[in-house]
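Two complexes, one shared chain (subunit A), two partners (subunit B, subunit C).
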Partner chain A sequence: MISLLIAIPLLLAFVSVMWKRLAKPLFFLAAVTNMTVLLASWFPNSVEIHVMGSWKPPFGINLVFDNASFYAALVVNFFFFLVSLMPNLVESYGVSLMLLMAAANGFVLTGDLFNSFVFMEIMTITAVTVASRRENFYNAFKYLILGGIAGSIYLLATIFAYTATGSLNMAHVSMATISASSLVAITTLYAIGLGVEAKLFPLNGWVSGVYGGNDLAPVILGTSVSFAALYMVGRLFGTVFHGSGAGVLYTLALITIIIGEVAALRQQNLLKAFAYSSVAQAGVVVAMISKGTSRAMGLAYFHLTNDAVAKFVIFLVAGFLVYNYKNLNGVFKKHKVLGASFSMATFSLVGFPLFAGFQSKLRIIMELFSMKDYLFPAVMLLATLIEVGYVVRWNVKLWFEEETDEKADNPIVAGTLALILSLLLVAVFIKPEIFLGGAMKMGNALADTKDYIHGVLSVVKGGM
Partner chain B sequence: MRRFYAILVAAGLVYMLFMFLGTIVPYGKADVADRVSAHFLAKDVNSISPTKWVEGDKQVPHSERVYGRKGFEDGSANVVTSIVVNYRSFDTLGEVTVLFASAVGVGLILGGTRRMKYGRKPNFILRVSTGILLPLIILFGIYIFVHGHLTPGGGFPGGTIIAAAVLLLYLSNEEFSLNMIVSKSLEGSMGSLYVIFGLIGLAAGGAFLFNFLPNGVVGSLFSAGVVPLVYMTIGLKVGSELSGVVAEIHEEREG
Partner chain C sequence: MVYIISIILVGIGVYGLMTQKNLFKHLISLSIIDTAVNIFIVATGYVNGGKAPIYTKNFPSFAIGRFVDPLPQALVLTAIVIGVGTLAVGASLLVRVKEKHSSIDVENMKGVGE
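On to the complex of A and B.
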């Protein structure tokens, strides 16, 4: 069943290259099928595997379906489903989006290091294609170069892991004894390889250009693809390498938060400002993952889910505004629904009470205090102050400044989706269990290496 | 200043990689029996107990694998093919998709509609020798991917050779342009066929990309189950895909 999550979008992508006009409906079909498959197998609560070609692990490739990969796949496919509801956004990018969907699912589900590299390659190439929309070629090229180098370094890390353990299977690598010097090499290389997609400090130069260059890229890359990449950070550094290399990740993540927020504050372009904010939030998530406990990781993914939903609304509204208006002053007076959802999403981003962001930020800070870490909460509070600065500034500018006589039609589908999602953020504040339950299960599954190894390697029947 | 930082980062990266080289086992010193690939070479993955293997009970393969016999778990004579298209076929499906994604990206970014003209007239030797070479190149490409499970080669090199034939046509003839409808339908149908083979495996053997055909005698043309079929689809797909890329590079936008 799980292999269908990858096979169906891939098959439909190949079919739609023959009939270009079918690409949009087939993308919708793929998204619906994937959501159906996922909803049919709600939280497996155990480690299930699907063995490719019936070659048992650690020899063959296997997909792993546990609470962590289920929750990640659910979030990833949910955003693809939302994008597929907006055909004007998809335009001629249907094939690329289907491939991106197959790759993101594969990246999340795979239990094999080399296989994850292959899916990362597809993800990078299709993400670059999506980023080049609206003639944003220069920034897409920068992303291609960075993504290509990161991909090679990820491959190099995989080679080091193979020479050290003789296996590519994540479960086997996680139980093998690796010498300290090899472990340093492997974790450093993986940190660099994932750093580009996870938007870590020295490697995130591409983000503002790619997210700020068109209206499709931030909506899908800032939500689904980011979630997939940050899931892999948790899987590798939490499950496979048991927290080695976490110190480096922690330091880089804290620098990422500060630099991202300062850049967001200084930025005058709406899309780019929130692109930098998404960099900073990725920093929060990575710093939390590097703590390594199941509760910390669960809270990291709770925060990431809140952030992804808020960012989807923000980028959706911002993308509509930037490409329909030359002057954004007071534009929400004409689009009250979009404006209300945008404001709710940005308040959730800050962590204002009444919105989901409050729940996750508060919990993260409480958890850090209970771990006796005072540096990270300080950084986070400083970041929140900066966030208040630019969120209030943008809201004032978009709601209250002198409006111009430009006028664009209200986007009905996008407006409805933005409103529903921003109300969801309020609902999560009232009943955090909506996201928190799944995220906590995910954190537990990521931290429980023993269960993972047992689940993958004891299945001798080989998926028959 | 930016250049200085770039040099600094590059130097740091090179230094780091150099330090990491020390952790690799020197050439010739590695114990191959520790690696999963030892059992790919010996075609005895099914007879190994994975739980014992991961616990450190390395079972060194000992039985003979003789060319021309039958009854093995994998039927390719070319051991690279047995890994690429059988043991780790899912990775190959991914690599096929990487190429496909790149070709889609090239098409979207270039987006030409009219054949570019360079205003050169091909001379007699080029024209005639193209006519002689073209069928030979295509035949060689087909040979490479049809024999992928027997000799070095396979779908990717075979397809590339076929695309080289199309490139030759583009270079030698200003009037020639590839029929994009044919190349796109070939590309799409062959790609779907690979996934469909995987789905048939799922239905027949319970695992995606399961080898559902008999393996036959190692070394004969009709052997190794589904592997030659997969290599043929890959060859045709890569050939039509790269031909399409060649065609798109030789096209320009109107006006």
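On to the complex of A and C.
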């Protein structure tokens, strides 16, 4: 059943190439079907696999469905579903979005290293086409070049893993004894390979151009695709390599946080400012994943979920404003619902009480103190101070500065979605279990290598 | 020897990316890096004196050491296809870059601002 998550959007993408008019409804159909499939298989609480072509693991490719991949797939498909509700945003990008959805699902579900490379490349290529919307060709091209290099390095890491272990199956590789020098090479190459999609310093140069270049790219790449990439960071560094290479990730992530926040503060373009904020939050998540414990990883994904919801609202509202108004001063006086949603999402981003971000940031800092790590909390608090600076500045500009005569119609669907999601952020503050329960299950599943190996390799069907 | 060729090609690709101002040369550099990685992968599967990994009556058994490892070759085939896809998307983007900015040389492109 889980292979449908990849097969349905892939099939419908090919169908819609022939009937382009159907692309929008088919994209909606793919998103609804995927959400239905996921809701029907709510938290498996065990490791289930789908064996492709009856090749018993570790031979052949298998899809793995456990609490971690379920939660990641749920978040990924949820944002695709939300985008499918906005036909104006989808426009002629239905085919690309369906392919991106198939690739993101495949990337999350696969249990094979080489297969994950293939899905990552499909994800990059389709993300580039989405990034090229509104004639943003030059930035899309830069993204393609960086993504291509990252893909090559990811492939190199996969081959190193294969030569060191004789296998490409993640569960099988995680069982193997790898020499220390090989492990350093493999994990460093994977850190670089995933660094582009995970927005790690110094590989995140593409983010501002791509997120700032149109209104669709940040909404989907900053939420679903980011979540898929950061899931793979947890899967590889947590489950497969048992925390090896975490030091590299931790250092890069802390630098990413500071550089991202400073760049966001200096940025005068609304979309680009929050693009850099997205970079900084990815740094927080990666630094937390690098801690390696199940609780730390759970909290990382709790924070990532809160951030993804907040960023969806922020980019949705910002995209509408940037492409409908030349002067953004006081624009929220004309769009109060959008303004309220945007403000709530930005306050959640900072971690003000009453919003979801507070719950995740507080828990992360408490957890770090219990681990006797004082550097990361210091960096996080500094980052929060910078965030307060630009969030307050943008809110003041958009709410209180003198408005112009420009006027655009209120986007009803986008406004409603933004309001519902921002209220969800308040609900998560009141009842953190809405996201926390799933995220902690994900953290436990990623940290439990033994259960993963047993679940994947104990399959009795199939065989050579 | 093959590994050295691969490393040299990666060096050429990285040099091209860092020094060239023409975007098409960036795409070619990326392609050279892809090729270098593919050559490296094929080299990892090579066995000295090994035969082609085809099961025939002359080679009735899969005795270890007699065949070169077929898996890297299969992986490279997939990687080549992906590389072609990337190249095609990149080339089509460059056509649009040229239409919009009048040039694909970063120094002569019009209307490109941070």
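Just a few scattered comments:
We adopt the following convention: the second predicted complex is superposed on the first by the 461 of 464 C-alpha atoms of A that agree within 3 Å, B and C clash if a C-alpha of one lies under 4 Å from a C-alpha of the other, contacts with A are read in each partner's own complex, and residues count from 1 in each chain.
In the analysis below, a residue touches a chain if its C-beta (ideal position, glycine included) is under 8 Å from a C-beta of that chain, and two chains touch if they have at least 3 such contacts.
Computed from a prediction, not measured in an experiment: that's the story for all the values here.
Contact with subunit B, but none with subunit C, is seen for A:Ser3 once the two complexes are overlaid on the shared chain.
In the superposition on chain A, A:Ile145 makes contact with subunit C only, while subunit B stays out of contact range. Of the two partners subunit B and subunit C, it is B that touches the larger number of subunit A residues. When the two complexes are overlaid on their common chain A, residue A:Val47 makes contact with neither subunit B nor subunit C.
Applying the stated contact rule after C-alpha superposition, one finds that A:Leu155 touches subunit C and leaves subunit B untouched. Of the two partner chains, both subunit B and subunit C are touched by A:Thr129. With both structures placed on the common chain, the touch criterion links A:Met175 to subunit B but leaves subunit C unconnected.
In the superposition on chain A, contact is made by A:Ala185 with subunit B only, not with subunit C. Once the two complexes are overlaid on the shared chain, A:Glu121 sits against subunit B and subunit C alike. In the superposition on chain A, A:Thr163 makes contact with both subunit B and subunit C. Residues 114, 118, 121-122, 125, 128-129, 132, 137, 156, 162-163, 168 of subunit A are contacted both by subunit B in one complex and by subunit C in the other. Taken in their complex, subunit B has these residues touching subunit A: 9, 16-17, 19-20, 22-25, 30, 34-36, 39-40, 45-46, 48-51, 53-54, 86-91, 93-95, 97-98, 100-102, 104-105, 108-109, 184-185, 187-189, 191-192, 195-196, 198-199, 201-202, 205-211. The touching residues of subunit A, when paired with subunit B in their complex, are 3, 7, 10-11, 13-18, 50-61, 92-93, 95-96, 99, 102-103, 106, 114-115, 118-119, 121-122, 125-126, 128-129, 132, 137, 156, 160, 162-164, 166-169, 172, 175, 179, 181-182, 185, 188-189, 202, 457-458, 460, 462-464.
Of all residues in subunit C, those touching subunit A in their complex are 17, 23, 26-27, 30, 33-34, 37, 40-41, 44, 71-72, 75, 78-79, 82, 85-86, 89-90, 93-94, 96-97, 100-101, 109, 112, 114. By the touch criterion stated above, subunit A contacts subunit C in their complex at residues 114, 117-118, 121-122, 124-125, 128-129, 132, 135, 137-138, 140-141, 144-145, 148-149, 151-152, 155-156, 159, 162-163, 168, 208.
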